[in-house]
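In the two assemblies presented below, chain A is common to both, partnered first by chain B and then by chain C.
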Partner chain A sequence: MTEPMNTVAAAPANGEQPVLEVRDLRVNFASEAGTVRAVRGVNFDLYRGKTLGIVGESGSGKSVTSMAIMGLLDKNAHVEGSIKFRGDELLTKNDKEMSVLRGDRIAMVFQDPLSALTPVFSIGEQLKEALVIHNPKMTEEQIVSRSIELLKLVGIPNAEERLKSYPHQFSGGMRQRVVIAMAIANNPDIIICDEPTTALDVTIQAQVLEVLQRAQQETGAAVIFITHDLGVIAGIADDIIVMYAGRPVEKADVDTVFHKPVMPYTMGLLGAVPRPDREKSSRLVPIPGAPMNLVNMPKGCPFAPRCPLATDICRQGEPDLLPVEGREGQLAACHRVKEIVDQNLTFSDIYTVGESVKSKFDGIPREQRQTVLDVKHLKKTFPLTAGGFLRRKIGEVHAVDDVTLDVREGETVALVGESGSGKSTTLLEIMEFRQPESGEISVLGKPIAKRMSREDKRELHSNVQYIFQDPMSSLDPRLPIYDILAEPLKVQGLSKQEINDRIRDLMALVELNPDQVDRFPTQFSGGQRQRIAIARALAVNPKLVLLDEPVSALDVSIQAGVINLLEDLQNKLGVAYLFVAHNLSVIRHISNRIAVMYLGRIVELGSNHDVFEEPLHPYTKALLSAVPVPDPQIERTRQRIVLEGELPSPSESFSGCPFAGRCPMFSTLTKDQQARCLGESPELVAKGGAADHMAACHFA
Partner chain B sequence: MSDMATEEKDLGLNQDVATEGTPAAVVVNPVSQGGDAQDLKRTGRMTLYVRRFMRRPSAVFGLVVLCILILFALFGAMVCPWKYDEPDFTALAAAPSADHWLGTTIGGSDMYAMIVRGLGRSLLVGIISSTLIMIISAVLGTAIAFFEGVVEKVGMWILDMLLTIPSFLLVAMIVRSSSGTSGWLWLTIGITAFGWIGYARVIRTLTMSLRELDYIRAAKFMGVGSFRIILRHLVPNLGSVLIINTVLGVVSAVNQETALSFLGLGIKAPDTSLGTLLMNGQSSVLTAPWILLFPSAVLILLTFSVQLIGDGLRDAIDPYSRSAGKAE
Partner chain C sequence: MIKYIIRRLVNYVIMLFVAISMTYFLASAFMDPRSNYMSRNPRPPEASIDRSLDLANINDKTPVLVRYFNWLKGIVTEWNWGLSPDQEPVAPAVASRISSSVQLVAISTVLSIIIGVSLGVYTAIRQYKWQDRALNAVSTLFLVTPAAVLGLLIVLGTIAINNATGTRIFYVTGLHSYEGGNIGLAILDFLQHIILPTIVLVCIGYVNYHLTQRTYLLDTMNADYVRTARAKGLTLNQAIRKHALRTSLIPTTTNIAFSIASIFTGAVITETVFAINGLGRYFVTTIQDNDINGAVCIAAFSGVCTLAGALLADILAAWLDPRIRLN
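Let's look at the complex of A and B:
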């Protein structure tokens, strides 16, 4: 392939040399099915002080690119092309030569801070290791002072004492700060961040992104920021490469990519994400089809099978990444660029939005609908036991602390909160069908009692179903789809013929081909598997479905399709959803009512509009301000309420408001008011305009 | 049993070789608008395992050797004029010759016929007891882990108690009281009765991580009965571990059989096994070495080949193994 060499993002005017030049990078892997072409021709230049964002769905080759730069690819990978660091070719270096550069000139921040630090060494020792390997002459004093300096830079309080702490004594966000400190320890020229905030909560994500930006300013390093989250990248990147099927398909500065995308895939990606800052106006638009398999790729543009604009040219030859005429510094790989630019086609011109189904309960006010689930003062504690023989109980974890909420027919109630706030535990407690420790759970008006007959239990199972987060693990890999779908029906005692008919209907309901029932789950893509899981949950016509992060394991382009399906099914069947998610954009799109949880308690409860537009509780306000918005202009100008510190341990008991320690409003209060926050636990009561908008705060 | 700890990682299998299927072409299904239907040309799981297994020369070698040994045990007697229970009193402790291909024992039995018979008995005992052990330990091990709470506590306590029983001695006593012809059956029962305990413990550990998986939880949430969950979801998903353990279990069962017989506590004349032959041979190593040499060679070939197959299977079934070949 004749790759034009001018495929370089706008070079700085002052003629500065790039720190990293990547030319025609190709990476192949061996697999049973044949050679996987994971990266197929990546070109870019990286300049000091700049941040290059690489966006793409899973399997687009973004992480493989970064690993190739670090020289960390597996032995069965075959790398071609050229990666030059300050004019020095990296691909010909052996592992020993690369080790000199790694951690010193090129540093990496990984996704999972839990596994990036060794648990048996203290933070100080691990920082020392990072420093000493590349500076063997450093004295003990220099090491300590540099370590403290680094920890202070990344915002770890009490740096001197914390040096002696071990990774398990830090929370996830703090650990990621330590990882960043280690990455910048030797003032590297390049920092590669591979999904550095994906494993973190939004409020922590906001903190860590800030630390990363500070670290970049401090070291002047160039940053490669890899993510699938368009919201995160909008706020942090200067230039963006959008990757699809191992190739860059669009490259431009951040504003151009977000406001004037040219490649239909980029448009689709941007259109498929729900926006946290806008009220739901219409259905989401999924990109049809599934990502390309990288083995035996057909000729032509890899996006052609999913592209609404695809013509015969697109299916015959793969387009090169070429500069877009009339757009400074924008490159795109699309045969139809000229038409798109000339006619100024946008997302809504290219993708068609399907009509949504009218809800069964449209027009019936909430008060007149039947209550499907009624939870009153639910509590769940886990005992904390001391080690040793006797397992003495030394405390309690209040996982769910006095939760009251109700779900009515045909509506979606969302539970939102950071990890550890007790939202999943609440779902599991309901699903156990046991009388709770304290409080009451009623389904369709019938309270769950201590002893229930077999018949009652069976009826409960037919009324309430559950959908898991990860469709990979929620379907038994050894059973064909038919048997998976038949399982809940058999429990309900249906006959063979009834089961057969029902399964055919179910497959059609979730828009899958009914002929595929004999396949195994591994033969389906992630989106299809989640559809199967949805079909299984709906098999017995439940009145209520509990969903635990049902779309968070899916790629954005697939996610939209599943969200639409959930909405349609709700409207068609009138089923109620109790939805747990940490992604506020999805919640904004799908839910009618929202309950914000903090440390096992509901701190705010209200309609979608009220909670997002007029949040009452300071925690809700902070949470909403931390959500990244996929729009670079908004990202640059918006004010974040960055919460101090981390979620306290749920084993602590509070006599007052559990949020007081992190509350941004707390410091603005008078002494008397503060005393009330610390001494008196706030009740969830109606505040603000609407009668059903409640908050648990004394001064909201 | 020491090699079973390494099997822990095999649990990854549940997520399995999904990524290695080969959808040849992606066809957009017009029915589903968010749909992602694919026309799949898929490498089946079995084909995949066979291909991976065949990539290991040592495993293939082991398989060939084992097949030859099994054929030898089944049909070897047909080509020999002598029977194992018909001693030739004209040739006592004779060296290998045209008449007696592998020589004779001190009692005049033909070594070739004895080895065919002994190998057959040893294999029979090994395969039957190993299979029984796996079935018992799979069901009990998963059940103990699945029910958690009191059942798990009591179950583990019983297992721990059973482990302390001097099983070798008990098996010896059981077999001693049996007659010559049914001795091998009692030996099989004895080995099985005390062999499953350790495996059940290992399977319980493996199930502990399996029971936390979402599809087990999903089945519980749908109201599927406990016993069904164990048989339909837990045991099949331990399948690869069970297969590997059964194959390797043959080696340890054969070894146990040989050890008991060698000490004179296992299979007794007129029946014979590899261990009995070894015991007979050890007294005349210097005067008639063939009596010891040939059975030991067969025993070594047997255990060695099964071990090679076990290693090959583990590599073929393990999704994290490096047997995927090389990239162009």
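Let's look at the complex of A and C:
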């Protein structure tokens, strides 16, 4: 096994002792299918003030590693190896002995802030608990003043009053700040962050990352930052460990990993992510195959079945994590490291970038294409009610407020915005196929009326289809794939022979084996299930497909394959997509036109290039600047526009611009201009160079 | 909080009124007190039957709405819940049985809840260990044993004990037999009577709380916030006691509240086995005897119990859960 000597990636020159030494950490879980070998030999040293990033896809063992350090694994976990905190072995400690260190010397920030706080205790009580458990002698005044100090440090306004609030009175971003405040309460030596921003919107993510960095400066702690998001890790980490199938496969400082990776998996991972800062130049490159099953691991390198460079030696024995010759401080676990370094192989040498299919509508300008979906002044409100027996209406939530947009043949229009911006509601309103509360929806020139003949409705259903976020819950687990695909075809009245032929075509279209139609959804992986969902949507030859976060539940290496498939199908079939996603990198890659939504309104609408390269609306600018870029150099130098505050409640009504309260431009305006922002609601009108680039801002 | 309770109370009074009125109409439609007289031998003359029924305000020849308003007037003006077909006032009959039912049921309910919830917590923390499996087996056994069988087994057992010792340690019928004025002896006498039916009721009653509380706690034990509490430095047991237990008690409070009414009228079998004149047996008798007013009166009492329980549950839940308190 790897010698400890090899593992010191970036030891400080001054000979400082590491706060944490992890050696040959192995974690097994007993499961019904057999022993799951979740972590198989992790080594690293952690130094004060440094941030170690651990990157990997789901099931790579990154979270299990962190839980093993905290001693918070389930009882059925079997942990081997050594974890030393300041020379003190942690793995032999029992729960009681570990609890002395936990929260005091080693603290943790978890992924989902909505469930991380106990709902029945106030923030003050929970903070107090974190302090008192390690400092029983603290007086009540000391506790209160320290709690206020901590909340101020993490940027929670009105700290004194907020101590009495309960978790449900805070937004997700605010709750994550509280969790961070609890983590740093006792000035820990180590802070472990397990996907701390994954559940948050980008603008809130930018705020929380800033708070984390400030917390690290205040405490001087070492940070272990675990994430699947290469953009986030590029901006925050000093050193990076890339994990695959329970083992580190590459380890180096952040620049080396991003610019000179040697392990093919690292390269594939970096190549599979769309970039938010670059115009789409080529197709994404998915890593073929699916991640390893951790129960019955074959011998050999676990990445070999998916690796384009794999040879017989790769399938014989698993490579150790060894220093890369000629590269200072870089370690990789690959049999073919020497060739890769010597020949300077890069991503494009190893993976073959596929050719994309030429679009049916290539060369036809947008104006000459048929309008598939036309939405005019769409509004959707939800009533707010109060009282017991007789529900009184006390207000309205403007979920969708005057949305106007159109989608043409063969193009992808994306709706972007933070949670609560109304993008999903807009999609749902179109899916309803009924006359909207206010405004008009037309499909292929036909407005959706209150009463429609059965015939018209069927035609509508065959023209518009949808694909949901979670392919597991959107496919009936008790129906075989054949029945799932046959259902929409039966509704259209096709004969049995036609259905059989069509299903064979569909399976081939989404690159699945047509012989597998008798299997059930659970027998497929996440990416394959999403392909089945796509096949079902395309079964009836729709003109428009509505997609609600279709790739956000998938790992990056799988996501790339599904995005490519969606692109190819659009080009082949000329189908139009209305695409909702919160991931701006995916949007940048796949869409032609982008509508940015804020509080139910479209604040900017334009082509992909215009919106990303020349954003007009201050909100769009802030949103784009908050998106992390998977490049450490760019991350270090770029200026973020961090928005103050949170999304206001949609039940508020605004006489002026709803963004004025958070607008970074607002304070630079004159008194008269400010009065206009507050008093007059801006219309979505053409601004800037292009005629189809519109923004709803008085001063853009 | 006070405003919240008052609002609830007003809601409950309305609900109760509607429910009792509905019961009255239902009972009047399905019960036929005339048949009590018709089956007598010799059959009384029709005029005399009508007179008796009129006196009790249960004559099917009077329109039901008229009977309803008479009945309602009696309750509102003089707290008179009407007469049984035998011309007995039902309210005092119910009142006297409430007292024995309360004596019988109150102790066993409190014990069931305490034992059930504690066992639920104890076994949840030791999930799949031998303690958990053993206690689950015992509870499942009680779950499937009919009350009558359990009651008879206990009666037979105690009679054997009484015979073996030669003194009457346990009484197997009634609630009281001591007639003197000594408080100490009266209490001892009461305990000698109450202990056996209490054992039966607790054995039947605790099972539900044990099994549900175990599930609720297991659900919350793996919650993210329990992990957060451990990450702060609480040991596993501290984290469960402080963070998981409280949230897992919220559904149990509702559970308790809505079982209160059925506890009073549902102890029929235990009452029968131990010859206790409680509400459960009275309820069955009123239905057998076509006693419209009696049945409605008991239904009203159960309704009050249910709503009192619901109010109690609401207050407890609001106390346990700030999300309810603040909204």
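Everything below uses one rule, namely that the second predicted complex is superposed on the first by the 694 of 700 C-alpha atoms of A that agree within 3 Å, B and C clash if a C-alpha of one lies under 4 Å from a C-alpha of the other, contacts with A are read in each partner's own complex, and residues count from 1 in each chain.
What we mean here is this: a contact is a pair of C-beta atoms (placed from the backbone, for glycine too) under 8 Å apart; a residue touches a chain by one contact, two chains touch by 3 or more.
Computed from a predicted structure; not experimentally measured.
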Chain B and chain C placed together on chain A: clash or fit? fit
By the touch definition at the top of the document, which applies to A:T35: first (chain B), second (chain C), both, or neither? first
Note to self: Once chain A of both complexes is superposed, is A:S356 in touch with chain B (first), chain C (second), both, or neither?
What the structure shows: neither
Reported in degrees to the nearest 10, the CA-centre angle with chain A in the middle and chain B, chain C at the ends is 30
Of chain B and chain C, the partner touching more residues of chain A is B
Which superposed partner A:Q343 touches (first chain B, second chain C, both, neither): neither
Would you sort A:G561 into first (chain B), second (chain C), both or neither based on which partner it touches? first
* Tell me which partner A:I133 touches in the superposition: chain B (first), chain C (second), both or neither. => second
- Task: Check whether A:S58 is in contact with chain B, with chain C, with both or with neither, and answer first, second, both or neither.
- Result: neither
Is A:S653 in contact with chain B, with chain C, with both, or with neither (first, second, both, neither)?
neither
Once both structures are superposed, the least CA distance from chain B to chain C in Å comes to 5
Chain A partner, complex, touching residues on chain B are 14-29, 31-38, 40, 42-43, 48, 51-52, 213-215, 217-219, 221-224, 232-233, 236-237, 239, 322, 324-328
Residue positions on chain A within touch of chain C in the complex are 70, 72, 95-96, 99-104, 107-108, 110, 112, 115-122, 129-130, 133-134, 166, 168-169, 179, 182-183, 388-389
In their shared complex, chain B is touched by residues of chain A numbered 28-36, 75-78, 286, 288-290, 292-293, 295-296, 298, 305-306, 354, 431, 457-458, 461, 465-466, 468-470, 472-479, 487-488, 490-491, 511-513, 516, 519, 522-525, 527-528, 533, 536, 558, 560-562, 564-565
Per the touch rule, the chain C residues reaching chain A in their complex are 7, 11, 14, 223-236, 238, 242-243, 246-247, 320-323, 326
